[in-house]
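Chains: A, B, C and D, in written order; residue numbering restarts at 1 for each.
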């Protein structure tokens, strides 16, 4: 029993979904999603029992590339994030009708497969391959099932694809260069490398380009808002919930340990970029007319903070970042789903056309409210744990960073509550708003339960990720 | 035969055929009538043939002359094909001016 | 045993919340109201039990549940602490809380979302208890933000009115500004002392090692910003008057008695920290004094009955901060308690008036209500006397202690404080006269329905009025039970003032001042029977006062507007600019391609020419580079 | 050796079939024959033999490349069934010509003597001239044939001159002798000029900037199947030949010549990609993309001694995805007068399978993982960086980003646009070729060692 089974399950799932036909596809996809979730939980138990669940086998002899998947706490946490969100996302799509649904759901599972691979891969090239693979399905999901004017959408999506690809190709170059040095793509061999500070800087920048575009860190975020807006909500969830975490995860797993001295030397610059993202994103979010765009910018702000946390290079920063990744993954999926629920009823994403929904749908309102509160990191929600830890780590670097980053507490509350007020409150809306259906409730409730439970008792997750993070810290300080 | 080469160095043969070759090249570049272009190409090839012969004598080695036959055969084949194409063009276009062949561009 | 009871104390309101939020609608108004009230009463009982226990033993009870957040060099545990301070707070929070719940049953009875109301109230009490019971700064922070949330929910309870929503939003965001300060304070303490736990913190600080005055001051300042956000001090006070948009019981519970005192609670909790930062203490004192004066002046001319009370609350909070700044924590606590009594009473009284007048809040449309509603009148009168500091009511003792301390440390502050209290006396009685004396100025059919409020409304009034009257007993000058009770909390013991001539002098001055204020009010509104003019007629300085020194407008102009402008600017220009940079590359490539197509001109001659040129170029390069290649 | 004979024999047989009027079976027969030849060739793997006093040398290089060419030809022949439906009388000629062209190709990678090399290249070229102009009544076809012919024979002139000078310098056509001599003696300048002329002649055939101008026009004008042949088979043949030529004649390329190669490769990549951006005709677009790929393949010349396997892999990846792409293009543009991108609108809806195949092929050309194109680029970059040409690799990376731009234009057209008309009829051979090709592509993508370890 090892982690490769997860990938196999997801891949088989993708094909099974494709061949099960449009009628059955959603259910099959959901089934496989749940199976993979269950299996990854099982793997977690194995891991905690101290079993070795890595999978390593030779693949290409020259240049030597091996098919090696390693699972430490960090990878498992991200894997769980992936496998937990995937079924949720699939299930959340049940309310919509998609033409040739089989391709749609197959693509979702395939993407989940690729992302799981990215989180597990312990060989530079394998990792890169999964990283790229994850790009293709989302491209088609956004292109084919997206919404809005086709021409504009195409422009946005192609820009997104080329832009991200551009970034990652430089990462590939860096990897090849490292291979030239180490003679192997295996992560542990790459960790062993002793690079001159000059080399490290270039490697660091090459990686940074890839990740800054994927995460995105300003000023590389220009693709984000449009794509989030144009993609179908499922696609947006995949992007914002999991895919952007790939970038952050990679920063911790690859960029920092591979070029530690560069990371240390230029730390403040990258922290500053992250913080700038926080403030900029929040401010831009204030005046968005489109609900999904607003959420896009809010997520720009949040990941900015996370990125800043990772670049602090101290345990709190990394831990907080990972916690916040997970928390943000869930909450952002929830929020985008809320946007979708409203869209299903009102056929619009224009905030100005909403309002006065609360009186028609108490259940929906309460859940929406909780999600909003979670996203503004109210204590006792999981997001608070992450945000607090990150801000704390920033305060270790310099109290000013903590203060600047902390503005998210204020600005976040500002734009989120403003949004909530204009969407939900006010005189009862003329248009009828049906309260949430059972399916929708299930999705939202499961997300909320997760956020609240781990908000009070985050220990399990913390204990899971801490050792591997300490490990990485030691590698960084080697 | 020897004596001739001794009197006239191999370099001269090279220069001669280079000159011929260049004449051919310029012919191809500047003439627009397809037939004449063919002829220029032939000049290029024959310039080379000349040099082959010269070298084979210079090296006292028959391969060069054998090769000339190869190249002649090839040249003949080429021209055959070329003329065939030319005929087709003439049928369609009514002219054999290569300058008219500009439909494919951009 | 203790732990379980403590958890009961904590969770009872939460269960009430759950019950109300999920079942409330089906249970019906009375039951949901009952549930809400009982939940709070239960925790009141528990707190009473613990209070009595600790009163004998003096042993704080600390409860450790589990590790909550792991920071690299210390763990933040999820635990609670029941000591003298927290129990005192619990006592009046839950006590007054239950009274107000009781009151609300009748007050909110004709609102169809009553169960929600009680749910929120319970949630609030729960968070307030968390705040008070928290054994470390971060647990306190949970409650801290939680009560902020509840006040947001309750201010915006009538969410169909966008102004109320704006008020709610404003309250939440202003609180959040403070909260950032609080967080920063937490960070500083965290990396200075590697703990957030109160007990450990106190031990570390009193042990006196690695104390960097600069950082302590910084921490103190940050925390004070937090406190001033929650307790409505300058410059973050403007949300409190707007918060009156909420139902009156809410104003009574949250925005007068309990939540707004959280700041005082926090500073008292950390007194050992603030004692080390005299500079910050001075700042606190000054801010407090100024706040109390400014708020009082604004209170002079307000016509909305609740607005008056709101500003008086701000002003009283100012006095408490003054006390804190002077290091007289127990006096501040004393005033918190007495203030809780009479201010709650006043709000509830105003509530019952508003109730009787069908949600009329403008005092210009009231008057002569004392015959119609005697109980309300009496109780409010007592409380007004108390707040004005008339001997021997509770307010007299607490306020007087504050002024004395101020006098001993800095006469200026004493002057400001006394001025504030004189003004207080004036506007309180302005309120009383306008509301209860002369003849009724409202509409006819209102006049018809004038009636004393039902028992459910009046009972809490009576209880609170009694407390407002006798509350002073807990800390009489000389032999103060309170000081003795709170002794173990404070790093340096505060000797109670021995009553000498100066003290009696000061008491006299204060009383005279109060009477003076009352007198002026009497002259103005009874003798000359004035009624405040319509809003547009107001002129001169009173206009400035009436518009609260235009502070809101100023904030709007210098903070809110710029941010929104910036946002628009970013959205419309920066975003597009950045995007166009990225697109630029693509465009450039396309343009190149377009130009390149001209090169591909289809002419064989040109192609061959390029061929030859290329050949020559390469040859010549190679020959130049070197003969051999 | 046997390979060459077998192929030629097969060609002759095809002509005979025409006489015996046995057209129906010609394509299956040819395919079977080619498969047999493939087996024959593979059988030679591992042997090092030379025939007719070094006229022909058989070694792993020649065997592997010959097999690749044969595979490609099999695909092309399979495609020609539906393609030439309209004029069945000529089919045997077309097949025969293709076979002869194949023999030329095989001769080119297994020559041991410059004469053989020259004959091979001429056989290949002449066959292509004919195929280009084969659509007799179509002026475009004529034009492309004419252009190709004129410039091709012009280039042949250069090659011939080159051979001549080399001969003059060495007094022999035998590559072994030449390379030995070139190491030992003090050499006359003609030799190097000769090599240079040869190289340039080959660069013309590969269509490297600035000798590339013919390619787009010829590709566009020629019948689609011929374009397929040129862009897949002819290109890799020429590339392999140039590689072999340089590696046997003088294994160590001098500094300055390497610089020339770097410049040329950068130029072709960039020009090819940039020009392709604004093309509407798919064949023309692929012509430019072919130019850029030629630029990529030139990189292998920088590490002659080690990079034979890389070249093989790249050639295989490129040509096979090319076959897959062209299979779809042929299907889509069947009885349409042009190959404009508009014909592909909505293919994703009308014919998801072929759309998927084309997408795969394009992604592979663009170098997206699990498709072999990615690994081809990877290995190439890897070697080039090890050889110390980091800058060149970075330029190449930038280029592959640009290339995505136009590959995705086509994908967008297939998935983003509405179909303009329903396509009817499902030519089974197109389907099978397309699917088989893409499958092979992915397989060698998943297990690159299959190909890499051949050399």
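We take it that a residue touches a chain if its C-beta (ideal position, glycine included) is under 8 Å from a C-beta of that chain, and two chains touch if they have at least 3 such contacts.
Just so you know, these numbers come straight off a predicted model, no measurement behind them.
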Chain centroid nearest the full-protein CA centroid: A
Rounded Å distance between chain A and chain B, as computed from the means of their C-alpha atoms: 67
Geometric centre distance via CA averages, chain D-chain C, whole Å: 78
Centroid spacing, where centroids are CA-atom means, of chain A and chain D in whole angstrom: 43
Approximate Å spacing (C-alpha centroids) for the pair chain B, chain C: 99
Multi-chain contact residues (two or more partners), chain C: 586, 597, 600, 602, 604, 608
Junction residues of chain B - those touching two or more other chains: 25, 28, 98, 101, 103-106
Touching two or more other chains - residue numbers and ranges from chain D: 146-147, 150, 154, 216-217, 405
Chain pairs that touch, as defined at the top of this document: A-C, A-D, B-C, B-D, C-D
Chain D residues within the chain C interface of the complex: 146-147, 150-151, 154-155, 158, 189, 192-193, 196, 200, 204, 210-211, 213-214, 216-217, 253-257, 259-260, 271, 274-278, 402, 405
Chain D-facing residues of chain C, complex: 586, 589-590, 592-594, 596-597, 600, 602, 604, 606-608, 610-611, 613-615, 618-619, 621-622, 625-629
Chain C to chain A touching residues, read off their complex: 21, 66-72, 78, 138, 141-142, 144-146, 149, 152, 156, 159-160, 162, 165-166, 169, 172-173, 176-177, 179-180, 183-184, 187-188, 190-191, 218, 563-564, 566-568, 570-571, 575, 578-579, 581-583, 586
Chain B-facing residues of chain C, complex: 597, 600-605, 608-609, 612
Touch list for chain B against partner chain C, complex: 25, 28-30, 32, 98-99, 101-106
